[in-house]
Each structure stands twice: as C-alpha cells, then as structure tokens.
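Submitted below is the structure of interest, expressed as structure tokens.
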Amino acid sequence: MIPLGFYLGLAALLFSIGLYGVMTHKNGIRMIMCIELMLNSANLNLVAFSSYTNTLDGQVFAMFSIALAAAEAAVGFAIFMAIYRMHDNINLDELNILRW
Amino acid sequence: MPIEIPEFILPLLPWIRGTVGLSLVGFIFIAAMGAVWLERKLSADIQSRMGPCRVGKYGLLQLVADAIKLFTKEDLRPLNADSLLFNNANIFMISSVFLMLVAIPVGAVFINGVEYPLAVTQMDISVLYIEAMSAISIFGIFMVAYGSNNKYSLLGAFRNFARMVGYEVPLGLSVVSIAIMTGSLSIVEISRSQGLLWNIFLQPIGFFVFFVSLMADMGRLPFDQNESEEELVAGWITEYCGMRFGLGFFAEYIHMILGSFLVALLFLGGWNVPSFVANNPVLGLIAPTGFLLVKTVFVLMVIIGLRWAIPRFRIDQVVDLSWKKLLPLALLNLVWAVVLGLYLGA
Amino acid sequence: MLPVASLLILVPLIFAAVTFFTKTKKQAAGLGFLGSIATLGLTLYAYLNFDSSTATIQFFESIEWIPSLGVNYSVGIDGISMPLILLNSIVIPFLILYSWKEDREAPNRFYGLILTMQAAVIGVFVALDFLVFYIFWELTLIPLFFMVNIWGGEKRVHASYKFFIYTHVASLIMLLGIFGLFYASWQQTGAPSFDIRELVAQFKFFESSLLRDAIFLSIIFGFLAKLPVFPFHSWLPDAYTEAPTAGSVLFILLKIGGYGLFRISLPMLPNTGSPELIINMLGLLGTFSIVYGALVALRQKDLKRMIAYSSLSHMGFVVLGSAGFIALSVSGAMFQQFSHGLIMSILFMSAGAIQTTTGTRIINNLGGLAKRMPKLTVLMMVGFMASLGLPGLSGFIAEFLVFTFSYVNLPGFVLFALLAIVITAGYHLWAMQRAMFGVYNAKLGDISDINSLQVFSMGVIALLVIYFGWNPNPVLNMMITNSEAIVSLGAALGV
Amino acid sequence: MSGIIDSYIPVAIFLFVALVMPPMTMFMVKHLSPRSKAAGKYTTYESGSVPTGTARIQFNVEYYLYAIAFVIFDVEVLFLYPWATVYKGHGITSIAVAEMFLFVFVLLFGYIYLWKKGALTWVK
Amino acid sequence: MVNFMLLAPEIAVAATSLIILLIGVFMSPRTKNVLGYLATLGVLAALVLTVQSLGTEAVIFYDTVSIDALSQFFKLVFLAVALIVSVASIKYNENSDHTEEFYCLVLFATFGMMGVASANDLILLFCAFELASLATFALAGFEKQNARSLEGAMKYFVIGAISSALMLFGISFVYGATGTTRIPAIAENAAFLAQNPIGLVAIVLLIAGFGFKMALVPFHMWAPDAYQGSPSVVSSLLAAGSKKMGFVAAFRVFILALPALQVDWQLAFTILAVVTMTFGNVVAVSQTSVKRMLAYSSLAQAGYIAMAFVVMTPMALTGGIFYTLAHAFMKGGAFIAAAAVVWMVTSQKTGDLITPDHLDNFRGLGKTMPLAALSMTVFVFALAGIPPTAGFMAKLLLFSSTIEAGMAWLAVIAVLNSALSLFYYARLVRYMYFLPPDGKKIGMPFQYAAALLIAVAGVLVMGIWSEPFLQWAMDAAQVLA
C-alpha cells in the first residue's frame, strides 16, 4: 500500500503548480490548462481518500468533477475563441477596457 | 491434474506473466508481418496482379527484406522540425499498441474443463482500458505532424483528429451496450458470455456501429483521411522515413490485428466452443484458440477486402457518418440493449 | 370618532400622489391647497375634540404589523404632538398661497413634495411605534432633499447633499440606539416590542448603566443633529439658505428633532447613568447655540443666512428649556418650537419676497425698501420683533418661560445666555434698519410690493404670532400638562 | 485491492518495453545506416517546390466544435459505463433505468440542438 | 419510491429549459419571442409549486436532497430573480437568433442555483454550483460582438474556474477527514477536522471558493467587470441570483456541515465582511458607469449579508436570509432599469454609445422614461435602506441583531457604510431627475416595465407587509440553528 501522504503530497504539488501557473500566465489557454491541473489534483485527493476511507463517494465525486471540468473547459474555450476573433490574441493583460 | 504453484512465487506471479507475455509481442510482430503480406497478396488477387513473389516462396520473405531495407536507411529529420516531438512520437504509437496488447486475450486453453484465458493480464475493466490505450496513438500522430512542420502532415493530423473524435463516441456506446448485456467490462467475461448466442446476432446494429467505428479508429481504408496519398502525399507521415516510418507503419498494422481480435472477441463469440470440445483434453488446448484465430483472420480479411470495395470517403462524409448516422444508431442500439437486458434478465 | 391620526397622514399623502400627476401649475397649486386645507380641517377637528387636561394619548389607533418583531402600526395624538401638528397644518396652506404666483418648473412636483413633507412630518408626530416613527423620520429627508436640490439656489447640490448625508448619518446612529433599546427590552420582558411608550418605560429597568447611557446618547444625537444645536449645525446654514422659500419654511416646520427630545429623550433622561452630567451638557449645548447663533447672525451679510443663524439661536432655547427640566421650562421649550415655526415662516417668506423682487439678499445692497414695499415692511417688522422676543408677541412667551424657569436648575447657563438677547436685538434691528429704512438704493430699480395673496398669507401668520403673544393658553395648556407628566418621572428620582 | 495492482504490473513491464524499443531501434538504425549530407535533404516536402512559410498555421474552427461535442458525448459514455456494469444481475431498480434514460434523453436534446445549429456539419 | 412531486419546481424549470431549447431551434427568429413567454410561464409555474410546497420537509435521493425551509426560501429567491430576468429578457432578445440559448442558459442557471439551495450532499452541491456557474459564464459573454461583454465573461470565467478548483480541493479535504460527503454526517464526524490543521486548510479553500461567488473582497476582482460587461439582464441574474447561491452554499457548508470550525470561519468572515462593505462603498462613490456602481454596491451588500456569519444569532441569520430576498429584488430590479436605459441608448443612438450605462445617459431619465427612473429611485433608496422598502427591513433586522449580539462596533461600521452608500445612490437620483434630458420621452417596452413592476412590488411589499417574508426567513434560519 502506498501511504496516503504520498497522494496528498502529489495532489498538493500539482495544485500548487496549477495555482502558480494561473497566477503567472497571462495566456488564456495556459490558464485553462492550469485550472484543469488544479481540478485534477483535487480529483486525485478524492480518489485517494476514497480508497483509504473505504467509501465510494470520493470516486463518484471525482467522476462528476471530471465531467464538470470538461464542460468548464468547453465554455472557457468558447469564450476565448470569441475573444480571439475580436482581438487576435487571448492575453489577459491586453484586455483592459473594463477597469475601476 | 491441477498445477501446484509454490507459495513463494505467488507475489511474483504478475511479474512472471508480464515477462512471459512479452513473447506475445513477438507473436504479434510476426502476425503483423503476415498481415502486411496478406494485404499485399489479397489486394493483388482482387486486382488480378501478382503481388510479392520474388523473395521467398510466394514472396513470404518480402517483409524481411523490407525490414532490412528500413534498418539500413538513413534517418532524416527536416531542419525546421521540432526534434523533441519528432523523435519521440514513435514511443506513443508503440506504447499504444503494446499496452492494448496486455489486456487482449489471444485465446484460451481448457485444462480439465477449466478455462484459462491466454491474456497477459486480466482486468475487470479491460474493454475500457483497451479503448483508452487505443486512443493514445493519436498523440503520436499529432506529435509527428506538428513536429515535422509540414503542411501536409498537419492537414492529415487534423483530419485524423476530427475522425477519431467522431468515432470514439459510437464506439464507446456500442461497448456500453455489450456491457449492459454482460454485466461486466471485462473482455474475458464478455467473450465467455457468448456461449449461447453471439453478440452479433443479439445486437446487429451494435456490431455494425462497432465495426465501422473500429475501422475508422484504426484509420483503415475507407477511413485513411490522415494519409490520403492522392492529395496529402502521405499525410501525417510525410516526413517520416526509414525505420521511423517503419515503426509507425508497424504500429498501425498491429493495431489492425488487435482490432480484429476485438471484433472477434466482443461480437463473434470469442473462443467459445461447444462444451464437449472444451472438455476434450487435447482439443481443449487447441480448439478455442484456433477458433478465435480463424475468426480473427476472417475479420482481418474482411477489413482488407473492404479497402478495395469502398473508395475513401471525403472528410465531411466521414464526419457526417459518425455524428449523424452512427451516433443515433448507437443510441438506438443502447435502447435496444436495455430492452433486451430487461427481457433476458426477467 | 374619525381615525384622525391616520387620516392626518393619509390625506396629504393621497393629495400629494394626485398632485404629482397634474399637468398645469394651476391644477397643482389648487390641488395642493385643497389638500392642505383638508388637512387643516382635520387638524381643527382633532384640536376641538382634544382634551388638554390629560397627558394621555388620544385618538389612539393600533394595527398589528409585524407581530414577530412586535411592530404595530400605532398612532395617536397628545399634548406634545398636537401643537406641532397644528403648526404644520396652519402654515402649509398659507405657504401654498404665498407661492401661488411664483413661476417655477415642474410645479406638480413642487406642490406634491410639500404635501409629502407635511404627511411625513405629521407621521413622525403621531407615530407611537418606533418603526413607524423612524420610517416617517427618514421620509422627511426625501422631499427636503429634492426641494433643495431642484429649486434651490446656486450651491443647491452641495447644500442638499450635505444636509442629506449629515442628518441621515445622525438618524442611523439614532436607529442603532433604537435597536439597542429594542433588544435590551426584549431581553427584559421576553417579548419583542417597538412601542415607544413601552420601550421608554422599560428603559429604567436595564441593568447596565453603560448600556443605558449608550442608548440614550445615540438616540439624542439623532435629535440634536436634526434640531440642530451648536456642534451639529453645520448643515443648517447651507440648507436653509440654498433652499427655495417654501423649502426654508418646510425646514422650519421640521420640528421632529425637538419633538423627539420631548417624546423620547426627556422621559429617559432621569434614568441614565448620570442625569446631572447630561443635563449640564444639554444646558451647555443650548446656551452655546443661543450665543453662537446670535453672534454669527450678527456678522452675516446675507439676509437669509442671518435668519438661518437666528433660527439656530432659537433652537438653543429648546434645548436649554428641556435641560431646565421643570414643567414650565420644558413647556417653554415646547412653546418655543411652536412660536418659532410661525415667526420664522414670516421671516423666510419676507426674505424670499425680497429676493424675488430685488434679486439680492445681501443686506448692504438693500436699503429703503419701506418706501417701495410698505406692506412687506410691516409684516417683516412683526416677524423681527417677535424673533427678538418683544413682549406681546409669541416669541416673548417662549423665551421668558425658558429663561425664567431654567434658571432654577441652570442659573449659570441662563445668565450667559441672557447676553444673547442683547445681540439678538442688535442684529435684528440693525438688519432692519439697513435693509428696510433709510435711503432707497436706486440700483434696485423700480420694484413693487408683494402681491395680495402673499400679504394675506403672511398677515394671517403674523396675526397668529400676535394672538399667541397675548393668549398662549390654547396650546400652552396642553404643553404644561404633558411637561408635568414628563418631569414627574424625573421628580420621583429626585432630579 | 492488491489484486488490482497486480493486474497492472504486466502493464508496467509492457510500458517499459514500449518506451525502450523505439529509441533502441533508432539507435540501431543510426549505426546501420549510411549517411550523406546534402542541403535539399533537410527541407520539408512540399511537392518538390521550396517550402514557404511555417506549417503552424491556424486551422478551421470546426475542429473546436467537434472537440466540444466529443467531450460532451464522451463524458456521457463515461457515466454510462459504471451504470452498464451493474445493470445485469445486481437487482437494479427500474428507477435507475428510468434515470439513465432521462440522462440520455437530456443529452439527446443537446444532440438535436447541435445538429440543428449545424455544429455537426463539416462545411457550412 | 421517491416522491417526485417534492422536486416539482426543479422539474418544471428543467423541463421548460429543455423544451425551449428543442423548439427554439426549429423556429424562425421572428417567432422566437414566444420562447420568452414560455420561460416566464415555466418559472411562474415553478414559483407557484414552490409556494405551494412551503412547509414540507423531506430528505430524498439517498439523503442528497433536502427539502426544508431554507432550501425553499432560497428557491423563492432564485425563482423570483429568474422571473424578473426572463420577463425583461423578452425585450432584450427581440429579433435575436439566439433566444433559445439565452433562456435555456438562464433556466439552467436557475436550476443549478435551486440545486445548491437544496443540496444535502457536497457532490450535489458542487455539481449544481458548477451548473449554475457554467451557464452564467456563457451568459456573461452572450454578446459575442461586444468587447466588454467578452472581457467581463473572460474574467468571470477564469476566476470562477479557479474558485471552483479551490472549492473542490477544499471539499476533498473535508471528505477525506470525515469520510463522507453528506452534510449532516460531516457535522457529526468533524471532530478530527477540527483538531487537524487540514481543517484550517479546508476552511481557507472553501471560503475562497464561495467567496468568489459571493464576491467578497479580496475575491471580488471579477464582479465589477462581469457585471458591467455582461448584458444588463444577465448582470441582474449574476448580482441577484448567482451571488445568493454563494451565500446559500456557504450557509449549508459552514453552518450546517462545519460548526466544529466555527471559530475559524467566523473570524475570517468578520474580516471579509468589514473589508467588503467598506471597499465596495468607497469604490462605488467614484464610478461613472451605473452598472459598475451597482456592482460595487453589490459588493457592499454582500458584506452586509456576510455579517450573518459573524453574528450567528437566529435573528442575524433571519436578517441575512431576509436580506438575500430583498437584495434579489432591489439589485435585480436596478439592473433591469439599467437594461432599459441601455436599450434606450442603443435604440435611439443618443448619448454615450460606448458605455451605454454611463451616468450621463441617465440624465433626465425622469422625463424620458419616467417608469424606469421611478423604479430605479425605489431600488436605490431600498439599497440605501430607506424605509418603507425591503432594504430597510433587511438592514433593520441585520443591524439590530448585530447590536443584540453585542457587536456594536460592527453595527456602527455597517451603518456608516450604509450612510456613505447614500451618497452615490443620491447622485444617481439627481442625474435622473434634476439634470436636463438629452432626448424626448420614449415609450417604455412593456416587458421591461413588467419586470420593473414585479421588482418594485417585491421591494415595497417586503418593506410594508414584511410579516410573511419575515416568518419564512425565520423558518429558514431555524434550519441553520
């Protein structure tokens, strides 16, 4: 059996990488990728906990969250695509009509 | 005579099975070479040509000659290619077929009436696993196409992508329909459950959907839009030459063989033989596997034959076929399976 | 019996709503006048049926509103509110008559707002439930804000915001005090109630004197800022000055701060942690307002601003009288509210008339108006004399009562405040002399006297000022009855 | 639990072999094959003419729509798998069947929507 | 057998949205107006069903759905918002080719919010939360040709997605430490979570996750942009509906599931509430775009509501819950009024077309669109807490309960903030009534008028005849106590 801590550590690492990426990257696609990373680290947590607490809820949860992550990415890409058509790039930095 | 296995070996058993199972790779390699030969010969027959006949009897050694040629060809890489993607793409293609191979039983032996499937490993979700592993190959294809920085390659890869995406769904749905009937996602279970009636008879629509989707998944004609030599030179593989090309080519043929196995296992009754045959100590060792292999070869020949029966579809036709025809059919089949399951279960 | 208390709110409110939808100025003014006359009729009906020998609530009505919070719609009239309702109902018809001939944009809103204001102010006076009280209290803000903001002078935006935010903050702090009172009493009795009388009665049972002080101070802060008195007055000069004449008069009629003082704060005062200190503080604030208001008024060049400061000075009497805390000084303070409303109405109307005819309010630019505007001069004289406390006019009664009877408890403050009488007389007479008498300032051109409607409306009010100067009893009686009731609470505690 | 892990040990072995095999093959090729340098050999093939521009160009947006449709329906299948395996022999209640039909039915609305909006047509 | 009638409101909403989607694709743009009425009917039906079912209590679907006073109250909130939005959107979507998508998304969002309201399980809570979020992401960027809409949508999406990841990560820890996702069971097994630092991590992550939706400072960055950029009807949905979803989720998760960690989250909410209300009001003062101003005011309001988490007495919870309904009417209506102005500006081509909701475009609205101006006045006065409106009653309950709990300092801060807010609300009123208009009087589309009247009625009825609403809110608070 692999100790639970390993899973949690990995998940935390992935989550941190994702969070770091979201905060530093300005490109929309990269941000979505980083967010997916964060979501998946949570899934990893859920599945690990599920196996260690001998309950199924976590796995079910992970499945739902995968589905939701897919839908989220779909919506996100749709928005980015519309932005790309208008601005020819998806740099969040360069979108600044709305401020203060 | 039950075989006694010493206690200390038990934990090592999976390792041993895996290592021994590697011999399957050899078998499949040879089978793939055979398939290439078969395709050439068959095509030639269909078109009233000779086919390979110089090297060896009936040109049987043609493939060996080809292999030697490939090994001694210079490995070229365009200067503006992305070397990381370009060099490592093969790994994905090879991994895809190898990993598929792990879960596919190539037959079964009956010892004292007890069934031992000839699979490297048995998982309870093997169908799902195989589907997943089969999809990995698209990474390889895309890496090649994007890495080689060639317009034909990229076009081919994009078509490949559109096609794969379209056919995964009907494929998955038809597998679900079978899982409903069997109550399991294990390929061994599914094969076993067809003792009385093959799935092809229970779910003819499902079979049709599965077969077509599988063809498309494997990129066999009439679904080889990713290569389409006449318009895209060689599609995604344009810049691959020598052994690199050889590996990709090989992976495709292995994929085809494994696909044929899948059809035989999932729909054509697998290795099921009448129980008197299975209980026969000698026939029990040979007949089931042989029966499966015969069916597989038959499927293989059908697949090859279809290449010359139907011209290549246009990409829009391909996409239409998957989304607008196969998908509703697959859903229809799902409903049919549920109804059937209710009826059979009651 | 008619449900007079509710009708007094409803009638002006309904007339206001209808007035908002009128098209022409004539309709608007006519409807407004009709509404105010109807209200006056109701008020007179209430007054005639009023028993001034008792301090209990009359015309009481109560309907359950939000039972889970103990909120009831309960209204009623007693001797504290009756004179103030009377004041409002009397002045507003004449105010409408006064401004009958003025031309302004959106007359429908103008007259509608006047009536809304009347309804809101009367609502505050008749409310016996804290929530109802607070709702009308806040409602008074809106018409006044618009009044200043739409029809005000040059700096109207600034003035309206200043007034609005300032008094709103004060009322919110008062609201917090009310909440504290509400919850403390809820804990005390176990049943929620917003009833003013009950909460005020419960006040003395709260254990923590800190809590009592906090509640008392935050509530009285709201009243003092609305009144206003000295340190909280800074919205007053701007708002009074920038408002149109009718707005200024409405401000004058906004007697809710003083009313709250009598209705809520004074009965609570003896039960606070340190009543002595609070009384002294109030006395100090009152005295300061009197003297400060008078001194600043002396320096003003703007006639209207001078009147505004004199109003501040008068309000000081209200606080000083309340702080005196014996029946007659408190009723003096109440009477001051009443008479101040009448007097200041005349003064602001005069100032308004001067501005519309001459185009300026700067005292130095006027001069000799008596020659061209004799009627105005007479009426204004009455106002000024009443304002400076000339015996025989209503102002005198109020100031006399306050000074005489506050002296019992607060001799030092009264002596100090007496100084202001001199100053008050000084600036009034000086302003009169410069503006109305002497050589006519030719720069003002050819001007004519005020119109007959204005004469009539101001004249009636002036007559009332004189009448109450000779015979204050019609209102003073009920004031004294109630003051005694208030003060007797404190007497029991030996204050 | 350990049974599941056991069944994946062969997978690991195969994966290792699959990872090693292509580089090894290419290593062999490198040593077996002849080498000769010429400038033309290292350009990409563009029907014989000199290649122009980069191949990394924008592609048709339709691919995106297909990807989204794929994701949606693939996820649908994802939910069907566990349900399918317990369908038979687990005393599954009719309500579960009804629920799954509802699920597919709801997705069908999406499918019809996609179809009518032309998202499934290659050339619009 | 599950009693499906318990879910009748949800089913009505979902079925309506699917039907709209289906028949919408077969209709020509000219006839698509019908869809708006259909959506309105569906929402009305759901509203009636919810009101009818008031008082029922049940836990169904293997303890995942809890029908109780709290969920029903919030369902009312969401359905009320949906009603206002769908009525107003009939005009917004006139002659649009995407009507069915719009309504489908609005109803899906409502459905998701209703799901959150009745979630008794973190899985359902998360799924419903995401359903509502995704639908609103798409709605925020509904005007594909409008750079502002897209920018707002993108910011909303990015931050919303991050927040859902944070929330999921937090939930995973809660699940890991308690071994269950059922809310009552979590409360029972929370002992380990309370002792372990993991509990703190989970709380931080969850607060961040919900805080984004509630738009509490410092998780508010998206809100002003999204509210300003989105089509006004959508802003209405976002501010009035989606924000409340964050609150009901937080009510469920923090108060019902994690009472063991009350000390931790209470402290966090104290800081967040104070900072949020102050920041929102201070920044709102300097805004020139009305929608942006409303957005910042919405932040401030969220700060007030968050006080319920700080005070935590039954009265405060009642106040917070009451406030959500009041705020739904006030803010929802205010954005609809802004929508009417945007419609006026774009259809008349007068004024500042680039920012159609600029304050200057509200000049003389009292003359050009008297109804819009009047109702806007009612809304902003209600937001400022001036009686006799719903906003006043809500503030009365909330602030007074704060005093009751002995947190006079918090009440003072809140009251001062609310006084400050008057400043920018009054400015808006001044523009509408006291500045000369640009154009002539315009006939108000009756759909906007109807939506505004519903909202005005809500605001006034809740203010004047508060008793039934108060009772509902008390019942709902009872669930949390």
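Labels A, B, C, D and E are assigned to the chains in the order they are written; within every chain, residues are numbered from 1.
Methods note: contacts are C-beta pairs under 8 Å (C-beta built on N, C-alpha and C of every residue); 3 or more make two chains touch, one makes a residue touch a chain.
Because the structure is a prediction, the values reported are computed rather than measured.
Trainee: Going by the touch criterion stated earlier, list every chain that contacts chain A and also contacts chain D.
Mentor: The shared contacts of chain A and chain D, listed by label, come to E.
Trainee: Quick check on this structure: which chain has its C-alpha centroid closest to the centroid of all protein C-alpha atoms?
Mentor: E
Trainee: Find the two chains joined by the most C-beta pairs in contact, please.
Mentor: More C-beta pairs are in contact between B-D than between any other chains.
Trainee: Could you find the chain whose CA centre sits the greatest distance from that of chain C?
Mentor: Chain B.
Trainee: Quick one: report the Å distance separating chain A from chain E, using the average Cα coordinate of each chain.
Mentor: 25
Trainee: Please compute the C-alpha centroid of chain A, do the same for chain C, then give the distance between them in whole Å.
Mentor: Computed from C-alpha means, the inter-chain centre distance equals 65 Å.
Trainee: From the C-alpha centre of chain A to that of chain B, how far is it in Å?
Mentor: Their C-alpha centroids are separated by 33 Å.
Trainee: Mind checking the centre-to-centre distance between chain C and chain D? Centres are C-alpha means, answer in whole Å.
Mentor: 82
Trainee: Would you please write down the residue numbers of chain B that are in contact with two or more other chains?
Mentor: none
Trainee: Where does chain C touch two or more other chains at once, residue-wise?
Mentor: none
Trainee: Can you list the residues of chain A that touch 2 or more other chains?
Mentor: Only 71, 78 qualify.
Trainee: Let me make sure I understand the interfaces: which chain pairs count as touching?
Mentor: Chains touch in the following pairs: A-D, A-E, B-D, C-E, D-E.
Trainee: Give every residue of chain E touching chain A within the complex, in rising order.
Mentor: 122-123, 126-127, 130, 133-134, 137-138, 141, 144-145, 147-148, 150-155, 157-158, 161-162, 164-166, 168-169, 171-173, 175-176, 179-181, 224-225, 228-229, 283, 286-287, 292
Trainee: Which residues of chain D touch chain B once you look at their complex with the stated criterion?
Mentor: 4, 6-15, 17-19, 21-23, 25-26, 28-30, 32-36, 41-47, 51, 54-57, 59-60, 62-63, 66-67, 69-70, 73-74, 76-77, 80-81, 84-90, 97, 100-101, 104, 108, 111, 115, 120-123
Trainee: So in the complex, which bits of chain D are touching chain E?
Mentor: 95, 106, 109-110, 112-113, 116-117
Trainee: Once bound in the complex, which stretches of chain E touch chain C?
Mentor: 381, 386-388, 392, 396-397, 399-401, 403-404, 408, 411-412, 415-416, 418-419, 422-423, 426, 430, 433-434, 466-467, 470-471, 474
Trainee: Enumerate the contact residues on chain A facing chain E in the complex.
Mentor: Interface residues on chain A, with respect to chain E: 8, 11, 15, 18-19, 22, 28, 31-32, 35, 38-39, 41-43, 45-46, 48-49, 52-53, 55, 57-58, 60-61, 64-65, 68, 71-72, 75-76, 78-80, 82-83, 85-87, 92, 95-100.
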